Structure formats: structure tokens, C-alpha cells
Amino acid sequence: MSSSTGNKFKVQIFGQSHSEAIGVVIDSVPAGIRLDAEFIGKFMKRRAPGKNKLSTPRKEADIPEIISGLVDGVTCGAPVCAVIRNTNVHSSDYDFLKDHPRPSHSDYPAYIKYSGFNDIRGGGQFSGRLTAPLCFAGAVAMQILKDKGVEIKAHVYSVNGVYDEPFNPLSVQPDDLTEKEIPVLNDEKGRLMAEKITLARQAGDSVGGIIECAVSGVPAGLGDPMFDGIENIISRNVFAVPAVKGIEFGSGFSSSEKLGSENNDNYIIKDGKIVTETNNSGGIAGGITTGMPVIFRAAVKPTASIAKKQRTVSLSEMQETDLEIKGRHDPCIAIRAVPVIEACAAITFADLMI
Amino acid sequence: MSSSTGNKFKVQIFGQSHSEAIGVVIDSVPAGIRLDAEFIGKFMKRRAPGKNKLSTPRKEADIPEIISGLVDGVTCGAPVCAVIRNTNVHSSDYDFLKDHPRPSHSDYPAYIKYSGFNDIRGGGQFSGRLTAPLCFAGAVAMQILKDKGVEIKAHVYSVNGVYDEPFNPLSVQPDDLTEKEIPVLNDEKGRLMAEKITLARQAGDSVGGIIECAVSGVPAGLGDPMFDGIENIISRNVFAVPAVKGIEFGSGFSSSEKLGSENNDNYIIKDGKIVTETNNSGGIAGGITTGMPVIFRAAVKPTASIAKKQRTVSLSEMQETDLEIKGRHDPCIAIRAVPVIEACAAITFADLMI
Amino acid sequence: MSSSTGNKFKVQIFGQSHSEAIGVVIDSVPAGIRLDAEFIGKFMKRRAPGKNKLSTPRKEADIPEIISGLVDGVTCGAPVCAVIRNTNVHSSDYDFLKDHPRPSHSDYPAYIKYSGFNDIRGGGQFSGRLTAPLCFAGAVAMQILKDKGVEIKAHVYSVNGVYDEPFNPLSVQPDDLTEKEIPVLNDEKGRLMAEKITLARQAGDSVGGIIECAVSGVPAGLGDPMFDGIENIISRNVFAVPAVKGIEFGSGFSSSEKLGSENNDNYIIKDGKIVTETNNSGGIAGGITTGMPVIFRAAVKPTASIAKKQRTVSLSEMQETDLEIKGRHDPCIAIRAVPVIEACAAITFADLMI
Amino acid sequence: MSSSTGNKFKVQIFGQSHSEAIGVVIDSVPAGIRLDAEFIGKFMKRRAPGKNKLSTPRKEADIPEIISGLVDGVTCGAPVCAVIRNTNVHSSDYDFLKDHPRPSHSDYPAYIKYSGFNDIRGGGQFSGRLTAPLCFAGAVAMQILKDKGVEIKAHVYSVNGVYDEPFNPLSVQPDDLTEKEIPVLNDEKGRLMAEKITLARQAGDSVGGIIECAVSGVPAGLGDPMFDGIENIISRNVFAVPAVKGIEFGSGFSSSEKLGSENNDNYIIKDGKIVTETNNSGGIAGGITTGMPVIFRAAVKPTASIAKKQRTVSLSEMQETDLEIKGRHDPCIAIRAVPVIEACAAITFADLMI
């Protein structure tokens, strides 16, 4: 068990940062859907690196080849497999890293788990690169959801302590954020975030951030009690994204500081429909959707790969030593993780709604 | 799917607040374990209500009857089923609630999901009462883990904005908090929390809080990549606890405000073993345990049931109306949720380590 | 993993032959179904022993107590748990058996698997007694299926080489066989079977048989490719019944002796609907239902418990020795297994159709 | 759900007969295994068509490209993905078949299930071609099992009523059958089988057969009770092979004609170890391995594709009509299915033993 999730829209990821290819099998996409290559391509491009100086300069063509599941571009009920070749790999210089685990990376625990046989090159199967096939699955899921009136949207809610405005939890704004360098609601905040990122990059450092995601158009009554509630499943999927270290729904952690009378969402009737007056529940009560937008936030830690000198140990010699990580890294991975978080939400709801 | 979790230590919960009984089937507990009835009873008592004026006065005998899985008190490899009778139930006055969903409860989404056939009495299957059998499973898991050197411990980290000290993430203190009215590290903070709770109760209101949990003695290398990482599984299990609305591991949300150089956990050698200098990762990197204590915090919203007048709608008449909830409720459910969170951690690690 | 099956109509069995109780949790039965206690009771009675001299004289009240999942007799979406107390148990004389595994029973493999901690009393969790809760689940499933026009029916197809007529695979006859001592289509064959059974019983021996089961009214298009085809799932469920050692669908093993032109089922149009002219496929092609009756046969070995002297070994002394099994046993377990096979088919289709 | 199986050695198949490629993801192969390309290639070749005139002349290069999961040829713990390109495809003439379902093929049920969007070309995802990636997974599993002393071997037990000798169930002979045109124990029977196949082929017809498979070296105590017994899991996997319509373990269906005293396997001591005197149980009791060879037989129906004229219907016109299937087909698919059945056994035990 590990790289698969879902019951009906079952996603199986494979690949390592430097293997021949990475990819995903989706078993089973409903039959009769003409996959929108343009939509998928555009969505995946949002995750792709190298777009601007706020992200890693590593270039990836990242064009998925769909090798199964289609007849003339239309899904046929067979598992859809998409493969993305790894072309831009430099695997020469991993001998040092093999013996010197990078702080706050998977290197050391993977070394233990796999008795030293883990693929250290570029982070192996733990690499953020694996979120590319996840985005492919997410794009397919989104296409399915769009037809059901469900829309998913995320923005950078914070970077290194600079906070954007939150979504209006009662009705998520329709602005298209995808063209912005940093997808924020308040562009002034976006400018400040960019400054923080640039500063960190120049210092050989990195910064963390928070992503807020909203799922609109979800009907009430989705999800199951206890272990299969909406919060449970979204969390299970979102923590698959490297660097995510926290998640909260609705008022989340801040609800811990509130009174019940402040936090409860009273029911009212609006336009002949039952809605809640506030949405501190984030659209979920008892694990089940209330019909209000599902709102959650994911905390993304600062990129673990930094140029600054750090301390680590030599595994073979059991000695402490300095470490300087070379190579290409995002100074703030939260930016590129925005569509990935959307993808996680999308596969969650596709699994529930098909 | 819904009320079951786990693969090897598979927990299936059943029951409603006012059904004949609630309970759990654990499939499969390893054979050859003499279940420690005293330990289990003591653990479950920590969750039981009615202990003091900070919790609901509802009295529950809560003595689990183990009806399968044992031979002379020793597990035999067959599923262990424990049943707890519901004795102290008053089901007379649920007609009004059936038509008037309580704010921020499962009532309305469950009404939609189950076409009105959901059990509204005491919250039905969504009741916090269902955490009693979860605690039974957790106690069995803990007994198994103790033999493997794993210890699980939680405290109330905050109530309504009053914060306790955090655990030392490098080495969790061995103090026994279980005898305290509110299990905190700093008793003065505990006193302030009690004041907050009393105030809220007197006002017919409720307060939220945060629970911090530490799992010590976990070997490095546990967990699987992507969807079956430690964070994924703990989250899936913890969100089964009613009122939990957020979870974070290690530095969690606060890592979003940090630099990589502040947040990364350098490796050092201590007493001949590889450890990290800090533990902002909460003992998990790449989803896999690092060998450091696993640390997480769960945000618990204020109890949704409050005595104060609220607004809701009549489902049958589609009209807004006032609502006054009667009955017995915890003014701060976070207190009694402490052992439940421990139980969630316990079943997670038992599933991975047996 | 072990005693549970299904995804949507998820069945978790628990208990041992001599534990306090046996039972089942069904997670999740659709909400809004008034469970028909009379139907369930009647169905379970068909499996119950002690009805006539062809079965074991062990008496079991076998009245399931439903302790969760209902509100006023109607399902509410919460897991349904039914408990059956074990009352008629004699656990005194299992010391000898503990050390002397009975031939062709689970005793020895269970001893190895559970390091000697397995429950030997009455066969423990491997006892045929565990099919009682399976029948409860099957009865609930059947009630659900009946509303969808699906009917399940089985008969004793053979006993010790005496063969009944097969079902007409194109249209299963509506006769009610449940009142017969041995449910057969041809009563003369039933009489001969009874003779074989009586003869075996008198000789302290036992006989095997074959059960044929038909599921009528199933729509075309159910089931999934490869590992989740109808044959795969029915098999997985049917082999849960102790003593079943083979299963075949449609012409099954006899198809191996046929030509393609003999075995293929041509399509024709009858009453404006597409049907097959023959049904050698047993209603399944490519793992998916064709719309014709699903027909399968399960081979049931002779009861392993026989009074005749056998040879076994002492596990502690590693010596060969004689064994004489005392107690109450069915001379032909295939008879009482008829409703159990129906139950397996029922939970399979309930899982697919709800 | 559909094309995946297993928990620890999790196999996900993808592809259709005429899609760009077919393949498999194995999540997760233990780290540190150097995959033996020669062994895998040789194993897969046994399944490949076109070897002699008893099989279809369709040529498939069938060389799997391993695109993930390896570092320098050694498994690293990441999912192993193998892709096989479909090169020899003729997709021109499927318009007629799209509207005229072939008898006893998946065409009609798949048409219903997928609302006409199913891939009809070459049988789509239901094609026997999908057993190529299954064999890849099986070969990897076999390599793992060999290191644990487990060997898997199958032979053609019957073709069209001509029966080979059975394996000696107490000790499976070590002869290598893989070089034979038809892998049988008795070559004279093999010759007669070849005659039957040739006769059928010349008549534009096909024949069925039975495959017997033995798994030697399995320790006692593997498997779980009820739904996860060895018989349950092997069956679930074996019915994934197209054309399999029955399975039996040990004495299987013939046990139904026996007395308990004939069928029971007495325990004896041989060479200081506990073994059974006979092996009518096929190495499994109570779903758990006994330590004796696991023996099962799978019934394979005659190839559904025959050249002879058959009757079917036009789906669009709802009219009966003649059908003549063109193209390349095996006159007896049981021959090439031998390694596929071995592969099914291999993935079953790899899942249990890693």
C-alpha cells in the first residue's frame, strides 16, 4: 500500500524523480468522457516549474502521453494510464547525498525503510515531481466535476507570514487567479509575498505558506460517518503532497479560541433554499457536506532543500558533517502546490460523485 | 464504507447514541495477548462523562462486554467484539429536533444523506458517544504498543485561547497527566482553562480547544509514501472524532511563517544514535517516521450543542425559527477528547506495527 | 484482514463457536428499510441445525438481537449489528483436541498461524456456526434485492454421487423448495440422497455434495473487469463457507470437454429483449452480467468431523496416534449449507446494487 | 474498482488490446531485489502467442519496458511500472462487431455497462492480451517467492476430454514442462490433446481444457479466516483470467462424491515433520495452508472466438443475424493460459509472504 487512493475513481501514482518516467493509472474513469487535452494541459502547466523566477528553473516538458483507457479520445471504461517521461535529469552527483541525508527530507527515513535501496536521485518517489501525475488525475477529475456543477479553486493564503484575504466562505468569488504570478485575491499582498520569496532565494533560504481551497457547488449529503467523512478523505489525499504539514476546515484552528455561539452556523432560508448564515464548518458537519462551499487550508512548510549550509551526518561513518545542497529548488513550494491541492480536492470529490 | 479503518488492526465501530448498544469489532488482534481489563477500564474511564462539573452530567456505566475473540481472557486470533449497552437514554423529546436541525451538528446533512431516516436521538451514529468503543480499540492497541516500547500521551494544549506549554518534541516528559481534572503540563494554565469553561457553561455557551498528542518510542522507517504516510493515516483516523476541525504535525501551520533554515531539522549524533537537533517535522518526513517522537495537534471546535438560543429552520415548513437545545452537554468537549485522540494514534500505529 | 467483505454493503463477521456470542456488523445498509424480522427469522431457520435426523442434534436458539442500526425497526444508515448468543456450549473436553488436530479441519493450520492460541472449542472462528451471522447478513441483503426484482434460490444438486436435475439456466423455476427435508427439484433423487446420508451417519461417516444456486432478475452490465468480476466476488464470498472446495459458473468444468460451437451462447431476441439461446456462461461474460440468470455450483466436501477412528499426531509429543471425534455433527453439511450459499450470493449482489 | 488486486504486493493492470500500450503497476515490490530480466522474459514468452500452430499467429514483441521502481536494475521500494506497447494492431474492421456482439464474449455486457463506449477492438480491456502484464507481475512475484523456497508449476490437465495425469499432490515432480509444445506430464496424452486442438482448428472451432497448478514449499499457517482464506484469494485472482469458468482445490468437485473417511487427510509424522498422508485438502484447511503443496485446477472454456458461423443480434436494429468472426484466435486458449494461472498463484502468495 502507498501510492494509491480512492475507491471508484482510483488513482495509482508511479515513478521517481529520475526514473524513465512517472505517471498515473486511474481506475476507473466513467466511460463516454471526451478528455479535454487543452484543459488538462493548461491545468498541468500551472504546476510546472520554470515559469518565473519565483520557482525552480528546472524545465520539464511534462506532456502526458495517455497510453490506455481511450477510444478516439473518449474514455471507454478501461483504466486510463498517463505517462510523463523524465527527460531533464542529472543523476551524476547523488553519491554524496546517498550517505548524507538532507534535513527534513525523506532521505533518512526512506534509507531506513528501504534498507538503503531507496532512490535518492532527486528525492526518488518522494519528489514533488510526483505531483505532476497527481495533477493529471486531478484535471480529469475536475472535468468530470465541472459537468456536475462542482468547481474547485485555490489561492495562496499566506507566504512567510504575509496573509492574503480569505475566500468568502459563503460564496467563492469567480475571479480567475490562474494567470497571476502568485494566485492571490489581493494583489498588494501578492507583491509582498513575492518580495519575501525573492529575499529568501537570495539568502539561499526558503519560505513556507498556506494554501486555501474552496469546492463550490457540492450538494449536501456527501461523505460517510467517522473514518470516511469529507475531512478524513481530503486530509488523506492532501497529506500526499510533499511539504504539507497541517490542514484545517472552515474556522479550523481558530475555532479553538471561539465560543460555540460565535462558531455555530445558524440555518436560514435564502432564495427558497436552506443555507447557513456563516460557514465556520467549512461546508462539512459530522463529516457530511452541508451544501455550503467546502473550505480548507493546507500549511506548506518551507522547501526543505536550501542552499545555505546545514548540519547532517554521514550514515556510513556515523559522524556529523556540513552539508551544502546544490541544484535547482523552489524557494517557496507553496506557489506551485496550488493546483496540486486543487487536484487533491478534485480526486476526492470525483471518487464520491461518480 | 464509513465506520471502519485499518488493514491489519481493523476497527469497525457500530451503534448510535440511543440504540440498544454501541461497540466495536477489531479484526484482527494478534493471538496470545491477555487483555488487561483494568488498563482498558481505566483508559475508558478517562473519556467517560460525569466525572466533574466541567463535563456533561450524563452518566454512562460504559463497561464493555467482550463477546468474542478471547479464550480465557487471551486473544485467539478471532475478531474481538466489545459491546457497551446504552442504558441512560431519554428518547422522548426528539420530535422537535427531527424537524429543526441544530446548527453545526450533523443533523441537516444526515437528514439529506439518509432521506430523513437518520437517527436524530442524541446525534445518532454521529454522537460523541461512539468514541467510547473507539477508546476500547485504542486501549487494546496501546497494550500491544506498550510491549513494543511505544507510548502515547496527549494533553489539552489550549482552551478558548489559553495555551498550555507544548510537549518537548525531542523527548516527551513522563509525567502522568491522567489524574488531573484538565490534563495540562502547566497547572496554572489548567486553572485558567477551567475558568473559561465554567464561564462558558454559566452563559449557556461552549468553548473550543486544541489537543496535543505525542507518540514516543516509534522506530524510524514506518509509514508508506504518498497516500499512506503517517500524516495521512493519523489524519484519517483523528477526523473521525466529532468536533475535530484541524490537524497539524510538528511545527505545522506555524512552519508557514518560517524560513527553511529555521524549520529544517538537522541530523546530529547523540548517544551513538542518529537523531534530529530539533523536531519541527513532528517525527515524520516524506510520510515516514524519523525515529523522533511523532507530535501532532488537533483543533477541537466549541461543542455545537449550546443552551443559548439559536436560529434554525423547520425542514417541513421551510421557515426560520428559534431553537433552544435542552439536555446534557459538555461545555468543552476538548477535555474528554484527550484519550480519544490518543486512541486514534494508538490504532494507527498498532495497524502499522503488528 | 479476514472476516469482512464488501465495499458498500460491508459485512464484518465475529465470534467463535463457543465465545459468548457470534454476530455481524453490516456497514452500511441503506437507510429507510423496515427489516422484516419474520423473513429473516425464517431464512435463518433454514440453516439452523436440529431440524431432522439428517443434521446435527445441536440445538441453537439462534435468535439474532439487533443492537444497532435501527430506529423503530427501520434502518437509519448506521451500521446494523446483530448478535447471537452462544448458549448450548460444552467446552469441557477440548484438552485432547488441542493437542491432536482433527484431519481436514482448521485445527493444525490454525495452531501454526496463531502459535497455539487459536480457539479449538467447537472449531473456534472456523466453525460452521459462523455461517449463522452470515445468513443474517444474507437475509438483509435478500430483502433489499427482492425490492429490486432479484431472487436467489439454491438446491442440493448432488449428495455422494446422487444427482438432482439442474436448474433450467434460462428461467429458474419458481417452486418453493424450502419446506423440503432436502431441497431438491426431483423428490425421488432427494429420497436417494437421504438414504446415502443415513447410511453414512450409521457408519460414523459423512458424505459430500454439490449446491447449485441461481440468481434471477439481475440486470445486464453488473460487475467490473478482471479482479472484480462477478465470478471473482462470488467465489471470494462462497469460499468463506467451511467445506466448500470448488466453484463453477454456467457449464463450468464441463465446458472444458466441449467445443466452442457447443458452449457459446448465441444471442437471440425474445419478447423484444436480447437474451441468449443457451446459458452456458452462467449469466456472466467477461466478468459482467449478461442479464441471464447467474448460475453457479459449489462443491461441498464431506463433513470433516466423523465418528470413525482416524489417525493424527500429538503436537506436544510428536507421535502418531488414533483419534475418535465425539460430539454432534452433520453427516452431510451440504444440506444446511444451501441457505448459506444463497446468503453469499445475496451479499455479493447487494454490494453491487445498492 | 476492477483491475487491481492485492494489499502488499498490489497489482494494477491497465490497457486494452488495441490501446497504445498495456501494462501493470506493482505497488509495492520490496526494495533491494535485482529483477532478473532473463527470467521475466522467458516466463512471459511462455504466454506469448505465435509460437506454434496450436496458438494464434498474432505476433507480439511483448517486451516490457520498466519505466519506474528501479535504480540500476534493483527495486527501490517505489511502484514498479512495466509498459508493453501494442504494435501489431488492425483496428479497421470493428464497426460490424460494435453492433453485433460475439456470443460468450464480453461484448454485450460491456456494451450495456459502458453505454456503448466500451472498446470493442480486439476485446478491449477484456482481451486475453491483458494477461501479458499479469504475467510480468507474476514473474516478479515468482522471483520473490523462489528466494523463500516457494515454487509454482502448472500443466495442462485436460483438453476437450483428454486427461493428463494429475500432479502427485504430496510432492510435485520437478520436471521442467516449459519446453513442451503442450506442458503435460504424460506426453502421449499431450499428443492426443494436440490432435483434438488441430481437429477443432480445422473445423473453425475451439476446445476447452483444465489447468492444474501446484504451489510447493509454502509454509503452514498462511491465509486468513473466512473471506481472506487462500481459496478465496486464489479464486479472486484466477477468475481474472478470461475464459476461466471454474476452480477447485484438492479433491474439489470429486470430494462431493466421497465419504469423509475417504476424503480426510490423516496427519502422520515423516522425516520428523507433521504432514498429511493424503492431500485431498489441496494444502488448505479452514482457508489456511497446511504446509502441503497447494493444488488447484482451473476450468478454461473453449475460446469464444470461433470461425464457424454463429447467431447474434444487431443491437441497433434489434434483429437476429448471422455472425462470422474473422481474425486470429487460439483454438485452445488453455495452452497459453498455463503461465497465466501460475502468475495468479504467484501474486497471491507474494502478497501474503512479503
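Letters A, B, C and D name the chains as they come in the text, with residue numbers starting at 1 for each one.
The definition used in the following text is that a contact is a pair of C-beta atoms (placed from the backbone, for glycine too) under 8 Å apart; a residue touches a chain by one contact, two chains touch by 3 or more.
Please read these numbers as outputs of a predicted model, since none were measured by experiment.
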| item | value |
| --- | --- |
| Chain labels contacting chain A and also chain B | C, D |
| Smallest number of contact steps required from chain B to reach chain D | 1 |
| Farthest chain relative to chain C (centres taken as mean CA coordinates) | A |
| Pair of chains joined by more contacts [C-beta pairs], A-D or A-C | A-D |
| CA centroid of chain A to CA centroid of chain D, Å | 39 |
| Intercentroid distance (Cα basis), chain C paired with chain A, Å | 46 |
| Inter-chain centre distance, chain C versus chain D - centres from mean C-alpha coordinates, in Å | 26 |
| Of all residues in chain D, the ones touching two or more other chains | 1-4, 7, 13, 28, 77-78, 110, 113, 125, 224-225 |
| Touch list for chain B against partner chain D, complex | 7, 28, 77-78, 224-225 |
| Contacting residues of chain C [partner chain D, same complex] | 1-5, 7, 13, 101, 103-110, 112-113, 125-126, 130, 158-161, 200, 205-210, 219-229, 231-233, 235-237, 239-240, 242, 244-253, 255-269, 272, 274, 276-277, 280-282, 284-291, 299-306, 308, 310-313, 315, 318-320, 334 |
| Chain B residues within the chain C interface of the complex | 1-4, 7-8, 10, 12-16, 19-23, 25, 27-28, 31-32, 65-71, 74-81, 83, 110, 113-119, 121, 124-125 |
